[in-house]
Structures are given as C-alpha cells and as structure tokens.
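Please see the structure below; I have some questions.
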C-alpha cells in the first residue's frame, strides 16, 4: 500500500500551517519525519488522517484519491495513526479502548502480553488514570497490533523511559518486517536513526530535505536543520 | 395511609411518563449536544401511530413497535437531512428543529385535522394494589415505561453500540481515527432517541387528547427532567424524572398544581445555576 | 471536533428551554396573519355570491373582518368559523346586503397568540380597511387588539364567551358571561341531581377564575357548598393528583372550566380513576361539541353543558343554517358550536344596525347597536344591553348515550349582570 501526498495545503481556521507538502510512504518501510516544534508535523498527521480538511493538493492511497474521505473510511482502508496528545479515550477503560480498536475482550490478553506488559490484567482501569508513559504505550499498541498497512505515529516516544523506547522501537521494527509501513514523526533522533529507511525534514510547512538513510550527508544536514 | 399510597402510585405514574418522554431528549441532547425542539412532535407522531393502529382495528400494543420503527426512520432522516451539517452550531440546531416542529404540527393538522383523536384505553378498569384501587392501564404504563427506559439505558451503557456512542461523546476525532463511523452512529443515536419519543407518545395516548398540540405540552417537562437530572450521564434522565415527579406530585398534593409547576421551574433554574459553576466533561 | 463543555451546554440549554416554555405558553402557530383574500374559500364564495346576488346590490362591498383562532391550541374552533362566514355572506347579501351594498368577509388568524393577533388586527384595519371587526379569540388577544380598534375608531364586536367586565366605546360583547352561563344553571343542576357539594376545577387564567368567583356566590345563594377549588396550568397532561383531590373532597358536583386538550385529558383520566359523570355530575361551561366528541360517549354520557348555542336549537333560523351547513361542510368534524354561531349572530346584528343607521359610519352604527333587539339570530331573540353585552337565552344540554346533545332546559332572555359606564 502506498500513500502519496501532493502539494498538500491545510491549516486551522483559515490560518495555513502546511504550504504544499509532497511526500510518500509505502508498506515495508519506515520513514522518519523530523522537524522543529511548530513546523506543522501534527497538522500533517491530522490532515493525512482526514481530521483536518485539505485546502489544496491531493492525497492518493494506491493511486485512489482519498482527499475527501472520512477518517474512519481511511482506517478501514488500512491507514492508522497515533496522536501526540489524547491518544486514548480518557473516560473509558483500558479494555474499552482496546475494544474500540477492534480487540475483543478475549483477544486483549494476547495484545497486552506483548506490550505494554505493565497493563496486563488492568483492563478495567480507566485510561485517564494511567501514567503518561503507559498511555503512550497503550495508544501505540492499539495502532501497531491492528492489521493496518500504514501507520502514522506522532511523537510516540515522547515522555517514555529509555527502556520503553527500546521496546517500542522493536515493535515498530517488527511491523516493518511484517510488511507494514510506518511514518515515524520523532524528536528522538537516535530511534529515528536506528529504524528509518528514509528521512524527511519539514520546515515551515514544507519539505526541505528528503533522503535515504544511507545518504552519507543526511545526518549533517539534519543536524544543521534542527540546529542540534 | 391509603391517600399516601395513591399519591405514591400517582408519583410513580408521573415518573414513568416523564422518564420515557425525556429519554429521547436525554440521548439527543445529553449525548449528541443537539437541542431538539421537535422532540415533542416525535411524541405527537407516536400518539398518532397509536391512533392509526387502533383505528385500523389492530391491537393497541402493536403501536409500540410500530411507533418505534416509524420514529426511528423519522429521526434518522432528520439527522441526515437537517442536523448533520450543523452539529457545531447549536443556535442553528435550535432554529432548524424549531422550524421542524412547526412543519410537523402543520402536517398533523393536514393529515388528521385540528380535531382531537381518541385512543381508547386498552385495559380499562382498576386493580387492587395493597388495598389501593388504581387504574390498571396506569400500572401497566409504569411497568412498560420503566422496562423500556432501563432497556435503552442498558443499550447505551453495556452494548458495543453504547461503547461506540460513548467513545464519540468522549472524543469524536479519536473515535473516527479508530475506525468508528461517527456519522452512522449519530444517525442511529438520533433514530433511537426519536423512537423512544414515539413509544412515549403511544403510552400516553390513551390518557390525553391526541392532537397536533400534544408535543408542546410535553416538551417543557422533558427539558425540565433533563436539566434537573443533569445530562452528563444518561442515567440522569431517571434521576431527573424521579425528582420532578416527586416535587410535582408532592406540591400538587400539599399546595396546588400551579405551584407545582412553579416549583419544578425553580428547581430547574437552581440546577442550572449550581452546575454552571463547574465545567465537566460529558460522559454517560 | 465537537467537545462540549458542561457549562457551554448549560447556557445553550437555558436559552433553549426558555424558548421551549415560551412555545408552550404562547404556542406558536404560523407567525403571519392569515389574510384569506388569496387562499380562503370565503373570498371565493363572496365573489360567487356577487355573481348570483340580487340585482339591487351595488357599490363597494362592506368589509367584515373576522379575527379568530385558526391555528395553535384554539385552532380547532377555526374551521367552523371559516365555514359559517360563507353562509353569513350569502344570508346578508340575500337579504339586501348592507344599505344596498354587498358584504365581504376578511378572515384573520391570531394563531391563539396575542402578538400574532395584534399583527392580524393591524392588517385588517390598515390594509384591508374593514368596516367592522368581529372576534372570537382569547381575552389576551382581545386586550392586545382593543386599543387598535379604538385608535382606528372601528366597531369591534367580541363574540366569544368570556369572563365579563369589558367596556369600551367601540366594543360590544355578545358572548356568554358567567352571570348568564352559571347563575340560572347552578341551582337548576343542583335540583336535578340532588347534589350540593361542588368542586371547581379550571385552567389557570382569568376566565375560569372570574367564573369561579361568581360561581361561589351562586352556589352559596342556592344552598350549596364549595368543597374544593383548583387551577391547573394550561397544557397539563397528568391529572392523577387532581383527580385524587376531587375524589377525596367528596364533591357530588363538578364545574370543570378546562379548555381543549386539558379537558379531554382530565375527563379521560377521571374515568380511569373512577370519578366519571356517574360518580360526580358535571356542569360544564365550555365543553363544546369538538371537545365532547374527542372525549367519547362513554366518558361524556350524562354531562350537563350550559351555553348560549347548540346546533340542536329548534328555531327556524338555526334549522335552516344547520341544514345548509350540513349540505356544504362536514358537520361531524367541524360542527357549528357556540363560537361559530356567535360570529354569525354578531354579523347579523351589525348588518341590522348598519341598515337601521343607513350608513356604515362608525358613530352612527355604534349608536344603532345600542339597545338593538333582533329576532333572526341562531339563538332566537336577543338584545344589546346598556352594558354593551347581550341578553340571550341560555340552554342546558345533556350528553346522551350516543354522544349527541339534547337540550333539556332553556332559560330565556338571561340578562348579563354587567355594567359599563362610558
């Protein structure tokens, strides 16, 4: 499966945040999208998912235009996302959150045995009472353990302990091995370096760098762009 | 003692009626944030369905499923045609449903004239309850209305569909991103709310005048219940109906019916003031 | 993405419920006055009548404005009024019109709402330029439109039964007042039934309140006793507690001054609770044909109703009208009853006075109305009193087993106990 964005424009209430982003992600690869805060990364996730309307440009899923599809229709076509904030239904329980993502009660133990293991047997706990890290891990599990072909992850490691970052990285890697594509929006440059097949750098709502991970100059250019 | 017993049953009757009339409003307003001023006209359509069923020589009780089906489709259609595009604009939903209520009343007058229609009591007579003689139909109404309210509440709290609706209430965007077709769930919820109103109309029809104005009498009561019960939880409909029924029956008994209405209104205003101080998220 | 905060919803809800209560209180109808010149059959019929009218009718038509409730809670009284206004045009024109001019009716709907009524009255007076307004609508609408009639100096005949007390230089009030409907009938019903203990149950507004104030006097004068008096808000649906109170009061007579749906709901529920007509005899002063039909014969059998008109009256004028009405309209769904009959009679009175005055000029017509006695009304002989009300016969009908009404007593020429010093 392949998702193409061409000259994507979008924004909030008439204030544009994306100024013509073009990019592509397909099954079996991990693309790391990096950029400083406020360059439009979260806007891009919402636009790709259909939570924000496209004001100009086009979105194609396997060459089929999906620009006006509802988010749920994109999900059913094989696209998924995890969000930087409020990635879970806070008022609902862990079990209910899993159920809403397609894991019936009898399948939930199997998910939680893989990760996040700390939530095993805590299906009746309200998601809003979990720690920030637990919430992040559960939201990631909800997306990675589905059979989605393409998964967009917005800052999945933010606030995670290093050990959990490693665990999450393994699961993302496994997803690629299983033939699925991941668009990884990450500040955690080490994880991106470990996993990415390609890099995309975004600045002011535009793509300013796009290179394969084996491009010898990419690391220098990213460091320069991110000023780190 | 006997007088108290009768007032208790009267209060229960009012509680059951208010509960089932307000149920649909609780779903549509409490869960979906839509102020449906045509809710009373959904009750009216239910009452006319009861009339048509009885007039056609069929058993009165068939009107309950018939009205539920008819109103489910009416409610779904209203959601798709009228409400869908204006969820984010409460003032528009008020105007749209207000207009709808006028259209539905006019339609009723065209179809059934301005004259009141009679729905006969399907179970005339009285029954002894612990030595108190009470109209049988009212007893049945109490039981049937309570069962239906509980069933609908269970549907919304315990079923997969209910979980979906709660997810939408909690976070519509995340629900969509989890693959839930929120537009379909909205149609279903609105349809179920309307169906509940229709069943309420069937149940009250043998007690009142079935005419185009009937909805206007029930709408304020339904709003009272939803306000007093608070709509952060659907169970609030039950609590609200209980409080309003107790106040109305009590004040009517000890003072009079006019003060009973004033008391209920004051109660609603107090509840509004009390809850305005807090800003809570809406859940079931 | 909708994320409703509790307080925002509360604010919206407050506004919406205010609107909801407003709707129930004023009960919205169409917000525009119904000018029937385009749509109503009345105008058609007046043109028809003009085609077949007696050759001597000539000149501009005299316009009779009729302000009535054709929508909202009192809308059920509308169709018979619209129907009978066709007959009154036929009859007045057939009898030579008004001073040789044909008459024409302009209908205006107040939607059972005083504000809509005010707009409708403005239209009658300003756009339609009517010569007289005849009204059957609520007292609230009357209060709203009276100043307009006074300012325009146009005769305004209020023809609905009401609580009495109206006194204005341009007005005549030809409907029944409590001193007519209740003073002779209360002792009569007590004698018929042997009952003495009355319960008074009314909707909570001026007409029932004033009626009951007087009813108390009449009951006490007749040796009876008021054992209970209760008012319920308009639009009450549940009467269980009230029924209980009536039952506990051990009353044997009930005066129910309830209107429309409230009357139907109350009587239906009272029967369920075992206090129907068989247990407590009713003397009703506003249960007219439509309402009784909606209650059904099993509920109404035996009830007494006191009014100035029943379609069963056996005078010639009424029998002729009933026959023609039945031929043209549906007497079963839109029967002539007290309100519509009063419209016809008020128009007859006006035509008679204008013919006597030989003009439609307001001062002269009002002068001619004063003290006027005529015989050709649907209720037989009537006379305008000094108090600008109407001396008329009051009838008591009893509802029969099949739901029909039979006139069981007539009190001829009952004088309204009203005063009007201008």
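By letter and in written order, the chains are A, B and C; residue numbering begins at 1 in each of them.
One rule holds in what follows: contacts are C-beta pairs under 8 Å (C-beta built on N, C-alpha and C of every residue); 3 or more make two chains touch, one makes a residue touch a chain.
Everything numeric in this text was worked out from a predicted model, so none of it was measured.
Visitor: By C-alpha centroid distance to the whole-protein centroid, which chain wins?
Guide: Nearest to the common C-alpha centre lies chain B.
Visitor: With centres defined by CA atoms only, which chain is the most remote from subunit A?
Guide: It is C.
Visitor: Would you kindly tell me how far, in whole Å, the mean C-alpha position of subunit B lies from that of subunit A?
Guide: Here subunit A and subunit B have centroids separated by 43 Å.
Visitor: Measuring centre to centre with CA averages, how many angstrom lie between subunit B and subunit C?
Guide: 34
Visitor: Can you give the whole-Å distance between the Cα centres of subunit A and subunit C?
Guide: 73
Visitor: Can you list every residue of subunit A that touches 2 or more other chains, as numbers and ranges?
Guide: 51
Visitor: Give the residues of subunit B that touch two or more other chains, as numbers and ranges in rising order.
Guide: Those would be 171, 173, 281.
Visitor: Do you know which subunit C residues sit against two or more other chains?
Guide: As it turns out, subunit C has residues touching two or more other chains at 1.
Visitor: Which residues of subunit C touch subunit B in their complex?
Guide: Going through subunit C, the ones touching subunit B are 1-7, 9-17, 19-21, 23-24, 27-28, 30, 71-73, 75-76, 78-79, 204, 230-233, 235-238, 240-242, 244-245, 248, 260-265, 268-269, 272-274, 290-291, 293-296, 333-334.
Visitor: Over in the complex, which subunit B residues touch subunit A? Could you list them?
Guide: Contact set of subunit B toward subunit A: 160, 163-164, 166-167, 170-171, 173-183, 281, 283.
Visitor: Which residues of subunit A touch subunit B in their complex?
Guide: Subunit A reaches subunit B through residues 49-51, 70-73, 75-76, 80-81, 83, 86-92, 96, 99-102, 142.
Visitor: Could you pull out which subunit B residues touch subunit C in their complex?
Guide: On the subunit B side, the touching residues are 3, 6-7, 10, 13-14, 17, 29, 33, 35, 37, 87-88, 90-91, 94, 98, 101-102, 106, 109, 113-118, 120-121, 124, 126, 133, 135, 137-138, 171-173, 204, 206-209, 211-214, 216-221, 223-224, 226-227, 231-232, 248-249, 252-253, 256-258, 261, 265, 268, 272, 275-276, 278-282.
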